[in-house]
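Provided herewith is a single structure, encoded as structure tokens, for subsequent inquiry.
Note that the chains are named A, B, C and D in the order they appear, and that numbering of residues resets to 1 at the start of each chain.
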Amino acid sequence: MSDGIPPQTTVAEYVGAFQAKEKRKQRSWRMAALQLVLLVIVGVVAVSLIGELDPRVRRGADLLRSLLVMGRAPAWVGVSLLLLIPALLLMLLIQVIPLFLVWWERKVAAHMQVRLGPMAVGGFHGWAQTIADAIKLFLKEIIEPDGVDKWVFRLAPMIVFVPSYLAFAPLPFGVGLVGYSFDIGLLYVLAVSGLSTVGVLMAGWGSANKFSILGGLRAAAQIVSFEIPRVLSVVPVVMWAGTLSLTGIWEAQAQPLGGWFPKWFIFYPVIGQISFLIYIITSIAETNRVPFDVPEAESELVAGFHTEYGGMKFAIFFMSEYAYVFAGSLLGAVLFLGGGSPLFPALGFIPSWAWFLGKTLALVFIFLWARWTFPRFRVDRVMDLCWKVFLPWTLINIFLTGVVLLWRGL
Amino acid sequence: MAPNPIRPSAVLQGPVFETKIEQVGDHEMLLNLGPQHPSTHGVLRVVLKLDGEVITEAVPDMGYLHRGVEKLAEHRTYPMNIVLSDRNDYLSAMNNNWAFCLAVEKLLKVEIPLRAEYLRVIVGELNRVASHMVFYGTFGIDIGAFTPFLHAFGRDREEILDLFEEMCGARITYNYIRVGGVMLDAPEGWTHRVLQFVERMKPRLVEYDKLLTKNPIFIDRTIGVGLLSAEQAVDLGVTGPILRASGVSLDLRRDHPYGAYNDFQFDVPLGKQGDCYDRFLVRRLEITESLKIVEQACRKFPDGPVMGKVLKMYRPPAGEVYAQVDGPRGWLGSYIVSDGTEKPYRHHIRPPSFINLQALSEIVKGWKMADVVAILGSLDFVLGEVDR
Amino acid sequence: MYTIDVIEKLIQRFPEVSKIPVPEKFVRDPEPQANVPPQKLLEVCRFLKSDAAFSFDFPTHMTAVDHLKDGLFELVYALYSTQHRVGLILKSHVSRTSPEIDSVSSVWKGMDWQEREVFDLFGIRFNGHPNLKRIMLWEGYPGHPLRKDYVHVTDKYDSGLEIGTPGLDEQGLPVKGDGHGA
Amino acid sequence: MKSALDSLQLLRRHKVVGGELVLTSVDFFVDWARKSSIWPLTFGLACCAIEMMAAYASRYDFDRLGVFPRPTPRQADLLIISGTVVKKMAPAIETLYNQMPEPRFVISMGACSNCGGPYYDSYSVCKGIDKVIPVDIYIPGCPPRPEALQTAVFALQKKIDRYWDAGKRVANPSKPTNEVLKEINVAALKARDA
């Protein structure tokens, strides 16, 4: 610093720093693998420590009932509370899950695309990214273009979002952790998730924008026509399990074959694989995700049916898409991967809700994986695929199941 | 129905969006693939007449990036014009410089040293590979696949830009090829790094094929879409990969070689029926051909000076000259009329993208909305060159 | 790519076509050019495309040059034959006062937009062109910019330094003391 | 990038034009949310658009800062003008700007959109985008490097964080925001020296 020139880094220093960085990079591969294994072990230990939630829930319910009896409250208060609390818990859960899924999708997409994804927001690996997005979207100006069909425009996001709430009611999250276990749980879930078509059509027509109309019409055609193969692909499961209630289906897959091999529906020789594959593909199409994202094709229809929606309205559309993805994969986990039952009896110490979460996230990963590898179909090719491929295959699958059942003499 | 042009807010008096199509049938709809649209690669506006999903008429409307470069050229000296030429086709600025310098060198009758010719070939071909990588990425996005863009554009093209930056300091507008030769000599070990890059690219091209070229959904979306027959292509004056995709084997580097191209062996990929998939495949194979040329050039890299004998402020004699280069988008020509002063009297640029875009309204009729985007992507035009 | 004998053969067929002397001393391997009177242009072009010996089926490009001093617009057509792998440059002259010429877009569809661009920037009318409208600038743009004597009307987007603004000297800087410009 | 939580100050006082402004923690969170998730519009004009795409791509990865490009102006809150603004395109850009919901910002990227750049004397180029819409951040360069664009986003984040409420954005687009900010600075300096 004597002659006023700041100290320059010499070439040796620069090369030394470069080599150190290179060495750190080699070690980082082994470090990453180590961290992953560590994470899995810690996760399993923590989860098994928490253990089954069902006894705790039942003890809490009894405590509540005894309190109400002590306080001499009328009967209907007890009943409504016992219904209200699970509903509120479910609502809270459904708010948090899309936030996590959006962050996870952006990270998975980024790492698939040789980049890092959200890092800077909220410190470690951008965990607070979606929270910042949600707050910002909440504070945006509410814009209603003047040519818009007012009430249709305003109601569309609600009608798309509400069915995704309803779909979570009969879905079990673990032993006893069920919102309300219907007898026809499966039919109810599939029927309710088809309601969002109305909302999408309203959004397309309401926003008086040529691109949205095109997007809305395409969405209606796609969701309605993919509803049929999705329902038919689930029929073999019902034929085997004999009941429509989701907890019933889960029990049917609980006892492992010969003591160790899991009796999950996906391992049934031919019937299981076909129906699982068609179920996954049709639920990707139901939630309008690539390669079936024809209604909101970014490169063609600007943003499809939600072109005119900004701020909180767009956030609702965005959240409902991820709620449907989670509901679809949760249903898939119950029907095909045996819900809460462990892979091998030896792993029984891991509680059922952890199994549930793991299997659902695995299926969600398939949704994400498909989105960032496949290009998009054209509208008419999507329809051909649905009517000329999936429909015949599901019918063949049902026929096969019938033959096997008759042969087994059930 | 009287067409009413969309009137922007009264505050701003300025150009108005004219509706280009007057008569619209009863069950047809006019759709604006507007100046701002994710898939128009910049500011091109295409007015589509839709019958349901099927396109009945498409009229492109240009001029949203018309910067009047040919008027400015008359008020710039020759070296300043090279800077302007970078910004026309900003995806392959080297080939723009080359076209202009070829024409001026014919005027000045300057001898270019062999080392400069080799440098021009290496740099021109690397720029063609970079431009085709941008096409590969954006065409993937048009069809709906996002990941190829990040691999081709984000990772591989950046390495080419590093090589250019090391040589001439700029990432996109290089101003590297000068009249009489090249700006600077390659730093020592540069050709070795280029060879390393070519080696690294070989396994990656296999990955490219897995991602898009052999992807059944991609093939199903592009085969047979937007057919351009050979006669139509020749009649429209279409050049470059689009012409070769229609089966006409015409490549300036092989038929009328300029620079040092006759020292290298490379073959010219041809398409069969001239649909979107052929146009994509021709460009994909051209990447391998260009890498072959770069490899041969780096191996036989001669020594010697890098700049011919040219004055600092040269005044070419009165006369006119036309020279053209086979750029990534087609024949990039430069027609200069000089009147003995240091500024050209008239400088016309043959814009390959502008002429190739004429094929759009022929190809698009009868296809669906999703195919318009695929066809627009496969024509691979750059708006800076279309509007000049 | 451009050879002289193509023009000789053309002159035998069309006596009106004349060869433009090539400044050999100045330009290295200059392109030989043929001068075609405007009224014969369309006929020559049709012949060049249809005749088997020439078969110039590929329109490379066309443009115009404004020679203010001798009051002429010079139209330059560059053609190419894919069979014989040979090129040709045609030229024809049109007076600046009434710039009218036949359109060759009926012969080659490739010339369609380039003629529209020359109409847009130079103001030369092409008779028989299917859709002769401005392609780059918008309807109602004052004047044709590429003309040498173009006067620029400053509007709210400009900074007063544009080429053609009255009151700018040759270097494009505002002339001192006339109070105009930035 | 300081992590979000440790820069939490419950009460911040600002000397501002006409007295003092008190920012509470709610404003802090509002500013934090707005600056950590800036959604630009996928809208490029010319060569600077290629550098903007390079900034989104793998090596410079804008997604790290929470910048996620959106195709429609309704869902975008940042408009990056990357390229030459031609007079024919100016009304389109003005319409785009009007379509964006209110807390919106504009970055003028590159010499062409700052002041016409290498086309300063062209008859069809609009000399600077601030003749059309108010601009928050200017980036010099032709084209500016992707790092320059990321520094511009950092500058925009600082701007969102500190001045957003104090600046009282002027609704009238003809008077660009930077003049408002100049007034604030001058007033703040005078207040400090007084």
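In the analysis below, contacts are C-beta pairs under 8 Å (C-beta built on N, C-alpha and C of every residue); 3 or more make two chains touch, one makes a residue touch a chain.
Predicted model only: the values in this text are computed from it and were never measured.
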item: Interchain contact steps from chain B to chain C (minimum; 1 if touching); value: 1
item: Pair of chains joined by more contacts [C-beta pairs], A-B or B-D; value: B-D
item: Chain with minimal offset from the mean of all protein Cα atoms; value: B
item: Most widely separated chain from chain C, with each centre as the mean of CA atoms; value: A
item: Inter-centroid spacing, chain D versus chain B (mean Cα positions, whole Å); value: 32
item: Between chain C and chain D, centroid-to-centroid distance (C-alpha), Å; value: 44
item: Euclidean distance of C-alpha centroids - chain A vs chain C, Å; value: 63
item: Sequence positions of chain C contacting 2 or more other chains; value: 136-138, 145, 150, 155-157, 163, 172
item: Contacts with 2+ other chains: residues of chain A; value: 113-115, 298, 302
item: Junction residues of chain B - those touching two or more other chains; value: 14-16, 38, 63, 66, 68, 71-72, 75, 150-151, 154-155, 387
item: All touching chain pairs, where touch follows the definition stated at the start; value: A-B, A-D, B-C, B-D, C-D
item: Touching residues on chain B, where the partner in the complex is chain A; value: 29, 31-32, 37-39, 53, 140-147, 150-151, 154-155, 211-212, 215, 217-218, 220-221, 368-373
item: Footprint of chain B on chain A - complex, ascending; value: 109, 112-115, 210-211, 214, 290-291, 293-294, 297-302, 372-381
item: Residue ranges of chain A in contact with chain D within the complex; value: 106, 110, 113-123, 126, 128-129, 131-133, 135-136, 139-143, 298, 302-303, 307-311, 314
item: Chain D residues touching chain C - in the complex, by the definition given at the top; value: 87-88, 90, 115-116, 120-128, 131-132
item: Residues of chain D that touch chain B when the two form their complex; value: 41-47, 49-51, 53-54, 57-59, 61, 71, 73, 83-84, 86-92, 94-96, 98, 118-119, 121-125, 132, 142-143, 145
